[in-house]
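By letter and in written order, the chains are A, B, C, D and E; residue numbering begins at 1 in each of them.
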Amino acid sequence: MQRIGVFVCHCGTNIAGTIDVKAVAEALKNEPGVVFSTDYQYMCSQAGQDIIKNAIAEHKLTGIVVCSCSPRMHENTFRKTAAAAGLNSYMVEIANIREQCSWVHKEMPVGTEKAIILGKAAVAKVNLNAPLTPGESPVTKRALVIGGGIAGIQTALDIADAGFPVDIVETKPTIGGKMAQLDKTFPTLDCAACILTPKMVEVAQHENIRIFSYSEVSEIKGFVGNFDVTIKRRARYVKEDLCTGCGACTEKCPQKKVPNEFNLGMDNRRAIYIPFAQAVPKVATIDADYCTMLKTGKCGVCSKVCTAGAIDYQAKDEFVEEKYGAIVAATGFNPISMDKFDEYAYSQSKDVITSLEFERLTNAAGPTAGKLLRPSDGEHPHTIVFVQCVGSRCAACAEKGKEYCSKICCMYTAKHAMLTRDKYPDTDVYVFYIDVRTPGKAFDEFYRRAVEEYGVHYIKGMVGKVSPEGNKLKVQASDLIAGKQLHIDADLVVLAAAIEPDKSARPLATMLTASMDTNDFFTEAHPKLRPVESPTAGVFLSGTCQGPKDIPETVSQAGAAASKVIGLLAKDKLTGNPCVAHSDENMCNGCSTCGNVCPYGAITYEDKEFRMPDRTTKMRRIAVVNEAVCQGCGCCTVACMSGAMDLKGFMNKQIMAEVDAICK
Amino acid sequence: MQVNGEFKPLIVAFCCNWCSYAGADLAGNNRLNYPAEVKIIRVPCSCRVNPMFILRAFQRGADGVILCGCHPGDCHYTSGNYYTRRRMALLFSMLDYLGIEKERTRVEWVSAAEGAKFAATMNDFVEKVTALGENKRLEDLRCKK
Amino acid sequence: MQEIKREDLIAKAAQLLADGTVDRVIGWKKGEFDYDVTPAVFTSKEELENEFVWNDFCGANFSKYLRKEAEKTESKAAVFLKPCDTYSFNQLLTEHKFDREKVYAVGVPCNGMLDDSKIKAAANGISSVSEENGKVAVETLYDGKITLERNEMLAERCVNCKSKKHVAYDELLGEDGEVLDSARFDEVAKIEAMSADERFAFWQNELSRCIRCNACRNICPACTCEKCVFDNPDSGVENKAIADSFEEKMFHIIRAFHVVGRCTDCGECSRVCPQNIPLHLLNRKFIKDINGFYGDYQAGAEAGSRAPIVDFTKEDLEPGEAVERGGENA
Amino acid sequence: MAMMNDPLIPVIGVVTDIRIDTPDVKTFRVVTPDGKKAFDHMPGQCAMLSIPGVGEAMFSITSSPTNTEFMEFSIKKCGCLTQWLHAMEVGQQITIRGPYGNAFPVDTAFAGKDMLFIAGGIGLAPLRSVINYCRHYRDRYGKIDIVYGSRSMEDLVDYKEIIDEWVKDDGIDVHLTIDREQPEWTGHVGFVPNYVKELGFDTNKTAILCGPPIMIKFTLAGLQEIGFDKTQVYTTMELRMKCGIGKCGRCNIGSKYVCKDGPVFRCDQVDELPDEY
Amino acid sequence: MRKISLDKLNQLFAEIASKNSLYIPVDTAAGAKYEKYDGTQTMSDALNTTRSAKDFFFPQTENLVDFKVEGKNIEIKEPVNEYEDFVIFGARACDVKSFEILDRVFLADPVDNFYKNRREHGVVVSMACTKPAETCFCGTFGIDAAAPAGDIVCHKTADAVYFDAKTDKGAKLLESLNALTEDTDSAAVDAQTAQTREVLKKLPLAGLDASAFGADKTMEFFNRPEWQTISESCLGCGTCTFVCPTCQCYDIKDFNTGNEVKRYRCWDSCMYSDFTKMAHGNIRNSQVERFRQRFMHKLVYYPTNNEGIFGCVGCGRCMAKCPVNMNIVKVMRKLGGNK
């Protein structure tokens, strides 16, 4: 029999506004086991917590129920409170009477009645709670950063600077990510390469950082503090340790017709290549899809010109297994495909380009060496139309684009427009927009300069259709403010394509058992309070894999993720979740069903000798749960027909007690 | 349950901790209304829900039982909801076979981001169960008030 | 009429005992009446000759005895297995329920077993039952000799026999048969075709007869728990008697659910039910659904196979769809 | 309309006092809600206590019938119900029915006899009722010897009453023993059966034996060794009682029903029963 | 002795049912069972019902008392049972005998009032057997299937049913039916009785002899080694005990409905592995001990405590229903020297 204290929180008026908290406290007084019941303004405040602590001492409480906000919010808070008062933290249950009661019901009697029932269910559960002690597991003091863009780079550097070894896994031959492809950055207009490449070099030279470029994560096992990761190092046919990055091979390679992905296919590269001059690692890579030697066995030019002897046509994919304590997802983004937006004639005309392609067109290292020339004929465009929100904020056409705002397009379009007008004052620049969103430091000022100083034509309205006619692009659009249709003969149309998470994120999320939202952005543990952590312990989020963001935001999140990782790796031991499965060996019949459904392989079987009531002994096969590996999903408990397998903290009896209390 | 001559169903909703419970919280954050007849029980994963809990709820007077979990593929525990899906497909089919109204049980996948879906689902479920009336086919007369 | 004769079985058993392969044999023992057959353990040729029986009433599945015997000593026990019994045999192996090394399995072909309750319904005061020209001849106390069609007296599970093929054995007596294309799901389909009200009425009527004697559970080869949840006061669902009609549903639904993917459809539950509740129709519903939802699966067809209930694919149908499909899946 | 008034239907008892005897034994004082004794009993009889929803269990009544105000039960924590009982606080209501079983033949076979009480652990609970009955009617009995042992000093039930009252009574010799040495223990150390043999009593006594089965077995053998006959030794088997009225089908040992023919048996009677206890 | 022609039997049922609840055996898919007469059923000709008639007095579950628990307080709510008068029609000799066997348990001090009330309110109208089954062996225990006991004894012939009241209760009921019945002599009944007795002699189990068993033979049988072998096939289910008309083991359990605690009594079976499991352990740990207990109880312990009356009535239900055909006849053959 427990001695339970009930603490009903007003949460200001958040709860008390719709729930008669005094009535709730009063009603729960008579529940079995309850010896104390009270209410208070803010239970989570210091004063509120003190009420709990005092009551635990004064009434010798063995369990407490806090009727308050969601346990996702403050369960931990109250567990700590209980622990501080000498009560086992797992003797605490939360009745969620805010998110799931006061905020969704309007009438006081209805809310109060439901709150009482939720409270009763929590009391019924606590009556069956048992003190739980978390198990301990060691922490591998090494972090894995998946993705080598600015987010991954920044996270890795911060972790490495704190003294912990970090590995970066990047699918491309070089780190740098999207930022390496950018020309200038808003709103300060500094050159992206100028600020990024020093960081890339720093990564390359950092004693605590290893880069696995041209690699991907193929398997993740284990759990926080103890991940076992298999990294697939794709064969690049060039020995990284020998290649000096001289580039001789990339000049001599006879296969010249390989679309250059770094320039988004707007020019070509060789079959052996270094993506760009400042690539890190600065090592050549053979593109097996195009290399004549690898395809036909005849060529070998690169090998001949390589004085370092770095070429290795026999190379195979390699698998590296490494242990990590923490994993950071920094998988980044891509512009969405324009296939479904044929009204803008992207597939019909080379002169309809995306903003990222525009970045390359204006970049000195780009296909046009920084001169703004039309891709179709290399002529200088005189009229440029920028179309905003292509695929963003597409609530009505969810199958075509994305419901969300891609966040960065307004600013980079302003940047493109401004830079065009600055360099080519003879060019007319039109920007079609739904809204212009500039909520950042110096953002609006930047946009206003584009309009006011640079004379960019900002037109509120959407482009309906772009039709190529001769060497012109007929742009049909509406001007919502003037209330008229516009027809513009443009030379170049630039589409601000929505951004979406990289396709590698979803399989990664599955391996990490991290959750994602419907758009495949990683879900954070809490949208406000834990924005850089995944709900899966030990997995952290950095950059746009969590949601659209610009560079400064990305870098700050990257740093935040790093600090969380450092906080984790700084510990010598982790205390686990004590709510794990446990098999009653007297009930278990060793049928192996539970092992079949365990996602973590946490269940093994052993033969054990049992003393029978008639004093004989009997060998029986029984299930044994590895508590450090078990994550507490409870799948095994349902697979187990004998009821031997139960889940601590969510025992069959506890859940049934809640059911009973609710249905009473 | 009859309240002032009007039938108010009792609904037990089992929500997985990671997606659906968070989805329900989000419905609260966004102040999306759904009937107070819905009472949520938090479970770590939808796969923690034993068919016995569902029957137990009906025995004790529930008129409808709904399980909410992460969308298939999004399970916090990788595969828990896949098992839930099979178990419940078989169980619900059996209940239907026994002549128990199929509208009284439901599985719905609700992510942490789908507060609106959570509220809409609950509104719809309550409406359907209300239309059915009191649970008579899986009741335990001893538990009647 | 069984192809293999009693004498052949006795000879085989005696040989296994004599050559030391085994030191005991699980078989059928004759009782008071021709239809009265009890599973028993034989240890000598004399016992076998005096009491061993092999006739149309040797329906009992030996799974429970097999487990008990395999646990007893280090030596081997022989067991006679009809084709349907071999499925239970494999399923027990899958679940590590006995040590294969301790059992010598002798496959016996089966022509289907008779249901004594069908004969009793047709004949009053039975003094003997025998085989005559492929028919069942019953001597009665009151009506003289009655001749019955064998097919009509077959046990339900034998009418719908799923397989004449032995899927496991050390040695096979006689010829092996084939897996049959039985109509065993017809009855389930018939119920599925009823309206929900009719289905409810049907099952209410059937299940209300349950006296919770546990015969179905205790004979069931798949019920292998150390302690059944319904017997365990700590399980929270202990259910000793049918104090309310809910409890009979609870017991039978959960029991059927606990053997999902493990039930080989041996039909013992229905055979032993003193109240003639067609319990196999619950298990068969699950089997039919599994086949329809996830592809054909026969528990016990292969030792070590993974049942669909402990497996999944990413494209499985949703519970809502499953219910909508109801009986429509083939 | 008929109120059932059936033997299976209990009455309400209120716990008015809880004494902590040992780490796992508590003694509960029980009266009816109007403050009276729930029913009269004789030493050795039992009562069925229950907490609705938890279960029923049979306990020997520890207090003497001569106590007309209340009943006491010394209960060791060992199962679900006893765990609940141990968690009770004063004022808690429980249900009680009884008395059940026969009693020690205190007014017949025991009358005028020298008494030897031998108990181990919680086995003192049923004997306390007899001992206090004998103390109350002191002149009806001869010399009284009490041998009582437990695992440790802390595990001696009713230690205070033993020291404060029994030891001080004239004509009562109390022999205490514990299984293992303890610094603060100055008394005897050793197991009860051996101690009984060491003490070597006159064989004209009537012995009453209560304790764990293994103790009973060896003590009985020990008593026989020093010359006791089984007809002089009594024991109680209340652990076998379930429904209390000999109908539920559990308590029989052969054809004898512990609920009705017992729980008190003379050891020679036990010999006549099949070996199923 | 009174009689009624067979075609008027339903009128008689209607008449009884108008004043009391009337239960008659009715054929169903699962064999005969007692149903409350509602004017639509016809009486089964089956020899016996699948379940025994003990349910009328000792139902499988019955509520004993309710408790309302609030805080530290308990309120006892005794059930206020209105026992209605009822008539059981067509009980066979074996089942009628079983009532006597149950009486000796439940009506012994202390009296079980639940049972007693039902017993007092029930009138047993028995029906003589004419075509006993091969599984019948009531004669072994001195029961005459042709002349059962009961408050009223019936004999059914090809065209009529004859009634003979044996008790005051029976006489009263029979008298109330005088308008429908006519006076008659016992010739037809005597003839039938004689004929049935001839049949009984020829039954396959007619020679089964229980004389080796009986009172005070505990030690003679308890340690017999045969128990081990014959119990081997027992699955430990409760079928035999639940269909048995004389098995009366029960358990008392609490069910918490959430609002109150219902204490109910339900049938239990000494064949169940945890039947004797109590806080201090289990005294009958193996199936052989439990198996022995059941048959020793029927054949030795019960007679010991009840002037030699056996605890079995030879109805043959256990023979018909045991999943593995293990039964009391086989036990008697093995241990009692019956061949």
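FYI, a residue touches a chain if its C-beta (ideal position, glycine included) is under 8 Å from a C-beta of that chain, and two chains touch if they have at least 3 such contacts.
The structure displayed is predicted, hence computed values, not measured ones.
Number of steps on the shortest path from chain B to chain E, with steps defined by chain touch: 1. When every chain is reduced to the mean of its CA atoms, the largest separation from chain A belongs to E. Averaging Cα coordinates per chain and for the whole protein, the chain whose average falls nearest the overall one is B.
Between B-C and A-D, more C-beta contact pairs join the chains of B-C. Taking each chain's centre as the mean of its C-alpha atoms, chain A lies 72 Å from chain E. Each chain gets one centre point, the mean of its Cα atoms, and the points for chain A and chain C are 53 Å apart. With centres defined as mean CA coordinates, chain B is found 30 Å away from chain A. Inter-chain spacing, taken between the CA centroids of chain C and chain E, is 30 Å.
Across the assembly, chain E contributes 69, 251, 255-256, 258-259, 268 as residues in contact with two or more other chains. Within chain C, the positions touching two or more other chains are listed as 229, 236-237, 243, 309-311.
Shown for chain B are the residues that touch two or more other chains, namely 51-52, 56, 60-61, 73, 79, 83, 87, 140, 142-143.
Considering their complex, residues 84, 87-88 of chain D touch chain A. Across the complex, chain D is touched by residues 1 of chain A.
Note for the complex: chain C touches chain A at residues 71, 94-97, 224-229, 232, 234-237, 258-259, 306, 309-311. Interface residues of chain E facing chain C in the complex, by the touch rule stated above, are 29-31, 47, 50-51, 60-61, 131-135, 199, 202-205, 232-233, 235-239, 241-243, 251, 253, 255, 264, 266-269, 272-274, 319-321, 323-326, 329-330. By the touch rule above, chain E contacts chain D in their complex via residues 64-65, 67, 69, 72-74, 76, 78-83, 105-106, 108, 110-114, 117, 218-219, 222-223, 248-252, 254, 256, 261, 263, 265, 268, 270, 275-276, 278-280, 283-284, 289, 293, 296-297, 300-301, 304-305.
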